[in-house]
Each structure stands twice: as C-alpha cells, then as structure tokens.
C-alpha cells in the first residue's frame, strides 16, 4: 500500500459511459490479487473531496501497467473521465483482499459471475485462474447492450454467457436466470456486482463454495474510519471492514 | 457583458510567476476599453468557487483574441496556470469602465504609471492612445528584475522607465521616485497598481488630471453584491462600486 | 410551465426559483443579462429605514466551496428603495419579496408598514439573522421569544404575508421555527449564512475588515438540507429553502427535504444565468425522475416511506 | 524540531500536529504507512464502556469540500481498547489523547477512570458533542450546565488532564467554553462536526442510513476558525483546533486564530500522509514568514494589532 502519482497511458470510452483507464507506475509491482482495488483522487482541490474506490481489472507487471474500467456515474467519475493521456493521477493502493486463488485447484471449474460495473475485477481473476489450469465460465449481466464491455476478452479465457436486463443482447434477465437456465456446474463461484445479485447467489447456492466482492461507501479505504463495515452473522458487535477485510468475503462470513 | 467559453490560444509564463494568456472567442468583439476586465472561472467545480477578475491587456478584434497577463498568486491563479492551449475557459465580461481616452487630445502627453500586476491594462491603453496621436510615457514599477514583463512592448509605443524595489533593474525604488527624479511633464496621468502607489500619485499631483484603476475583492463583478464598494468624499452613505462604476475613477471621485 | 407553479401565502409563483436576498441587488444588473420575468420571484436586498453604507472592505473572502461576506446591509434606505428600485422593478411580471432589516423593532415595523404597500411587493422576508449586524440583529435571530415578538409586531402592520428568515447559528432551529410560526408568520425562509472567519497567512489578520462574516455557498448545503428537513416536519407553514444551491439537482434536494420553493444566492456570482438555467432544467429533471409536478417532490424524503421512484440506470 | 515543540496540560508535544479522533482508528492502518512517533500526539477513536457496532451503512456521504459521517461511535469497548489498542500503541514514542464517549454520565466517569490510567494516555478528550449519538449525547454538548457537570465528574476521577471537545452546533460557543473552563477542564478541543444531511436525487431518501450525520472537512474550516478566534479570547485554557485542516497553511490559520495545537481529521482520508507532511512543512512556513517558533503564531490574529509580519512578494 502506497500513494503514487501514476501516469495515464490510455484512457478511452469502451461502451456507453464506460471508460477504460490504463495507468503506468511502479505501484503496479505491488499489485497481486484480483479483487483488490485502488483509491483514486479525482480532483485537484477539495471538491470532490474523497477518493474513489476502483477495482483492478488487469495487472500487467511486465509493462508496469494496470487497467481500470469504470462507469461515469457522479461528479467524481465525470471529472476522472476528462483526464487525458499523459496526465498523472494520485493513486492509493493496492487495497483490500482479493479473490482467493487457492480455493480452486487446477482442473476444477470456476464460475465467475459479474454484474455491471462489478465485471472488471473478474477479468484479472479469470486470467489468473486460467493460468493456474482452472476451467473458467463467465456469466456477465448488464442493463442493456450498449453498456456491455470486455465480452471478447472474457471469451478468450473460457465459456461466456451474457444476460441483459432488457433483453437487448444475450439472455433476457439476470445472471441467475442464466445459471438456472443452463444448469451450469462448478466447484467454486466468484462474484462481484450489485447487492441483490449477490444475495440471490447466496440463497441459490447455500452449500457451495462462494466468494463475493462487496461494495460500500468508503472514507479512508484502508480500515481506519469504520465507514464501510458490515455485520458478522449471529454477533451483535462483531464486524468486518469491506475496505481492509474485504472487499472479497466467503459467503456467510458477513451479512449482506 | 456576456458569458462565453473562450478557447486558450496561447498560455506561457513570461516572467517569474507571470503568465500570458491569449483567449479566442466572439466575446472579443464586445471588448473596447482599456481598463475593462473579465471575470474568469478557474475551477471545474466548487473549489475555488468565485471567479477571478483579470484585466484586458490587449484586445485584438481582427483575430478575435484578447490577452491577459496575470500573476500566479493563490489557489485560483495556480489552477489557471495549469490550463493548456486548446482548453476552454468560462469568461464573464467585458466588465467595468476603462480609462477615458477622451481625457487627452492628439498631440498631448499622457503618463502611464503601472505597478506590478497593475501594468497589463496600461498596454492596451498605450496602444489606443498612440493610435489617437497622444505621446505616451510609461513608468513601470516591479519588485525585482525577474518579474518584469512587456518592457519591449511598451518601449515600442513611447518612452519607458522601469523601477524595481530592490534596484535589480532600472531605477531603484518606486515609480514615484522616477517621476520625481526626471521631472516628467504630462497632460493626463493614468495609473494602475497597488493602493500605496495610487495614494502617492494622488498626493503628488493634486492639480492634475489623474485616472486611477482600483482593485478590490469581488463577489459578482457586475454590481449586484456590494462587495467592492468604496467611499465617496464628504458623504456618509454615498459609494461607488469598483466593478461596475470603476475600476477606473478620476482622482478625487472616490476615497482611496 | 404549470408543472413548476407553486402557491404560497401571498405568492402565486410561476416557478419556485428566485434569487436570494443580497445576491441580486435590486435586479438591475441581472436584467442586462436576461428577462427578470422568467423568475418565480425576486428577493431584493435587505432594506433598512435609513440608507446604510455597510462595513469597510474587504467585504468578501473565499473559502473551500464557499465564501464569507460582511457587506453590512448596505442599501439606499426605505424611501429610495420604494421610489427608485421597486417602481423600476414593476415593469417585470415578477412578484417581489422585500427583505427587511433593522437595529430596533421599531425600525422593522416602520419598514414593514411602508414597503408592504408597494404594489409589486407580495411578501416580506424578515432578516432577523444577519450575522453582520452587531446591534440587536444577532439576538433577534437566536432568541425565540425575541423573534416571535418581532414577528407579531410586523404582522400587525404588514399589508402582505410575512416570511421570517432563520439563522442557522442556533442550537435548536426547530424551537426557533415553532416560536415564529406560533407568532403568526406565514412562512419561513432558511437558511441565512453561518458565522465564519478567515485569516490571512501573511499578515495574520482576518481577511474581512469586519473580521467575521457570513458563510454561504455549496459548503453549507448539507447544513441547510438538514435544517429544512427538521423544520419542515415540525411546522405547517411553507419554507423557501436556500443555502448553496447551484444546480437543478441541488434545488431538488431542497424540495425533497421539505422546501416549497428555493432561492439562489452565491451561485449567481459564479454563473449569472443560474436562476433561469435552473428554471429550465427542473422540468427535465422531473421528467427523468417521473414526476408530473414539482409539488410531488416537496418533503418527499420524510413524507413517503422507502425509495419512491425508480429510474433505471 | 524544537521550534514546533508545545507544552500543554499533560502533553509535552514534540510538534503540535495530531490526527483527530475517529479519523485514525487506533493508528494501526497508518502505522503501515509511516512511523507514528513522528506525530505530536494521537487522538484515538471514541471509546465507550461497552463495545458498539454503531450505525447501519451507508455511514458516509460526500458534500462540496466536505463529508458527512454517521459512524455511530463504533468501537471495541473500554477493555479491548486498553488491552489491545493502547498496549499496542505503547511501542511508539507518542502521547495518546483518549477520546471518550457514553450515553450517561456514569459511562463517561467509568471510562475516564479506567482509561486515564493507561501509561501512554496523557490526556482525555471528552466527546460530549457527537451529533450521531441519539441518547444524551446531544444534550451534553449543547447545554452549558450539563457539560460543566460532566466535566466536573470526569475531572474528579481522571488521572490525567481533561480536554473537552466542543460542538459547533450551538448558538453561543463562548458561553459553552466558559462553563466548561469554570468546571475545571484543562483544555478545549474544537470543533466537532456540524449536523448535516444529504438526500439522494434518485430515491428521495437520505443518503446516510442514519439520515443525518456530522459535516467535516475543508467546508467547515471558516466556522472552526471563527469559533476558535472567539473562544480563545474568552478562556485561558489552551485549545487544540480542528475542522478542515489539510495543509500547513490551514494549520497556521488555526494557530493565528488561537489554537495551541491542531488536529487533522478528514484530510487523512484524502492524503494518508497529511500529518507527517504538515509536520515537515510547518518549519518551512515559519521560515518564510520569519517566525522562530510556532508559539509566536498562537492567537496572533487578536493579540497583536495590525499586520505583524512582512514577507515581501
């Protein structure tokens, strides 16, 4: 974990309001786990004030570059989207604990389930799993066709299914509809996306090994401010911090 | 008076912490008087919040370009200094009333006295006066040699004297020392600079026709907020607004 | 435009957007930029019985996402405001809310009596909270009994409904609002500025000649929202909300909190077209969010349970 | 470093810069980034008698130049703080100021008695002003008599000097400060957060699960400066100032206003190195302005007439 001014190597929209940002810097050498994130300062001065948490989507140590994919959402990401190649960005990271690779063995099957802007960290995960010899199936859900990204990239790593909420591409409905419809089998499931999706997965696979990446509003991003806590089952005062204990948790470890 | 997104045509430092900024846009067609200013929004969001008043230094209607020269001072001008050629800047203007050209006739002598960052508006004034057939003498005061700018530009329009507070260039001391030392004669005096300089000129030439450009902290810049008022002599409640009644006043019109 | 129309005591507003007092003078400057008839109303600069010069300069200082001002109620005085400013404003189809101030209760009563008779003044706004006036002003705005007494006196003489402008510099804004409602106020306007200060690093002197000043602008928006949220649930008279509004989204946040109309102050300095821009953008926002009329938004943060609108993104 | 050294009741500070309570946990996270012994002191997270989970999430929301938080005093409780956190912190050469909170006076007394005996706790900071605690907390911080009573009770049992943290959500901060001084407090810390709120445009619901929260960050700096300016002239106990500090210049403004030391909260989230950076930059700033020692800056905005320092630009 360090603060570094990283240089923008590439920055272009890749779908409607979805941007791909490639950052170069020595900080990349510290990045290891898929599911870790960086905390990015988007403004020069005090508005917007807080950093924005964004997941690592691709870690390229040889080139000392990492990729982030984000959705232009509110004020901060709107400002970020205006930064040009060659400019520098103040990055704190890498933060948090990513998806455990050791949960699955070579030859086994992993199911990767991503929803919307939860898709990016699964790409680095898919790469690492394939490298390990794991068979990867990806199910990616989006609202509409025009916000789909990285279909080709995921396809090059294994089977891929896409669902859109409005049916404009792939299966109409949610990722859970795809899993249900196809009866896909797997040894471990890794997921990142909106809370309703994570809850649905938790209920659907009570006996499976499932890892979920959570989102929560953050202050510090490093575990100091207690903004991002979630509850632990059956305990009044116990808690986990999404930023430093997560964002990836084993299903059941925390209350969704 | 309009609001326009003007395009940066040129933006470079020309002395220590002194920047020359050339803006292009149709707003230039509305700019007429030397001594008028523009109110510039420097940040994208709410910090810094207020616009910055900056004088017109050169109005080039043919090219639809105007020049501003400013000192990197606090937060706002620091941000401004980072803007690059091709970017757009939100400009409100032209504002205020400039130096009266009609106060001097062809063949007469005008003395232009500028201090530091009060020098820029005198350049457009010198151009307009020379065009009218007035003989222009400029006395420009700076702190040190490394913040001097536009010496050549003023020299091409008439006699020029430079004073530096530390004596590193030209006469050591203040602009008033130059006037005193040389016994310069003139019909009309136009000045812009720090208040102590303006006060010294007011006292030195009680019987002359003198026009002074004032600075005051501003809110609106257009006369609505009463931030920038100054007192009128011998009247308890009368006032003038620097932004809309000034920034140029005839000596004696307002209390310095 | 009828989807923005709002009815308040004394005010039939074609839209609920108006410039806040002290940030728009008497409209002359902005009239050079756009037609003032586009505005829902205009809150004119605080008027006092006698002309006032106000405080020495510097009168403004910038702060992070805000500004301090210590204008000190400069204005040309009651007579001139009526004869020169209000009569000039009469050319526009826009109701005027006259902001009035004073050092004594008698001052307020006198100004209220006279100015409320001007034909285009549709409501008064009692500025009992200006932190820049040293005699009396502060106490009026921070002691419920005093504010209530003043409200009563002004109500007795005013020919138009009376709105009282609340100071945020109090421990208990709800108590204040209730006392003023009980005293007969027709509406509330809130919030005025928060008392603040900045010091120059080089001189170690306060930047404002008056030392302290009133903090306005986006920085205070969350405080305004909280106070309107609390007060709107505790009183039944309407609230005109203000404090940091710069966009149509900001304005909507105030409606949700419980304001029935909004006023825009500091943002006029940043974008002189901000008021007509918000008037134009509010209907677009209502469309996006699926509302027919702005009134559906008023108090929505507390008078409906749970998320009320879905807008797929 | 001695030009930054400051002596306060119970605290021999090698420099007057410390993280503010709640913004630094118990130091473990920042210890991964730098040596905590560089800090003048550490104000640890509010400790209560029993462990607390705090409020539901979302607990933070962003505002212009600020943020709202409604953490709700989450902490592992008195026993664990002493056994696990304070003993871990003992490895660093840095005095700890223990921020304590509770729902009843007995809570405070109990926590004060126990925690003040930890060897590295050099002072207590009574958090009587947390706007996020619903029972009692608010009243403690806004009623002078109650605050004074609490101060007296805690003073009786505390083994170390007691600082009381003032809430800015009051009409009269000076009255509050004087009551607390008279009750025997050794120092004041100010300001805590201002009560604020934000509403989500899409859902019309408050963004914070707790609805309201405490506003911190640069937005509140001018309010903090004003309050410290007023209070420091009215009391003779020292003030540790906080509220929006993000740079050495900001810190200096607090010293000029009347603070004897400063604490940094929200800015730690933006720049985790902000505390050591300010420690490093203050001497540079003193040089530029011609001061030998930071103590020359304390209260300079009111205890010297006219501009005091020239720094040619």
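A, B, C and D label the chains in the order they appear, each numbered from 1.
Definition applied: a contact is a pair of C-beta atoms (placed from the backbone, for glycine too) under 8 Å apart; a residue touches a chain by one contact, two chains touch by 3 or more.
Molecules present, by chain and UniProt name: A, B = Dihydroorotate dehydrogenase B (NAD(+)), electron transfer subunit.
Remember, predicted model here, so these are calculated numbers, not experimental data.
Between subunit C and subunit D, the least number of touch steps comes to 1. When each chain is reduced to the average of its Cα atoms, A sits farthest from subunit C.
Top-ranked chain pair, ordered by C-beta pairs in contact, is C-D. If you average the Cα atoms of subunit B and of subunit C, the two centres end up 36 Å apart.
Inter-chain centre distance (subunit B to subunit D, centres taken as mean C-alpha positions): 45 Å.
One simple way to say how far apart two chains are is to compare their mean CA positions; for subunit A and subunit B this gives 54 Å. Counting only residues that touch two or more partner chains, subunit B has 45-48. With touch defined as above, residues shared between interfaces to two or more other chains in subunit D number as follows: 63-66, 217-219, 313.
Taken as a contact graph, the chains are fully connected, with every chain touching every other chain.
Residues 64-65, 218, 312-313 of subunit D are the ones touching subunit B in the complex. Across the interface of their complex, subunit B is touched by residues 43-48, 75, 79, 82 of subunit A. Contacts from subunit B toward subunit C in the complex involve residues 1, 3, 41, 46-51, 76, 92, 216-231, 236-237, 239, 244. The touching residues of subunit D, when paired with subunit C in their complex, are 63-66, 68, 142, 169-172, 194-199, 201-206, 211-212, 215, 217-223, 225-226, 229, 244, 249, 252-253, 256-257, 285, 289, 297, 300-301, 304, 306-309, 311, 313. Those residues of subunit D whose C-beta lies close enough to touch subunit A in the complex are 22-25, 28-30, 32-33, 45, 51-54, 57-67, 69, 71, 74, 76-77, 217-219, 246, 266, 268-273.
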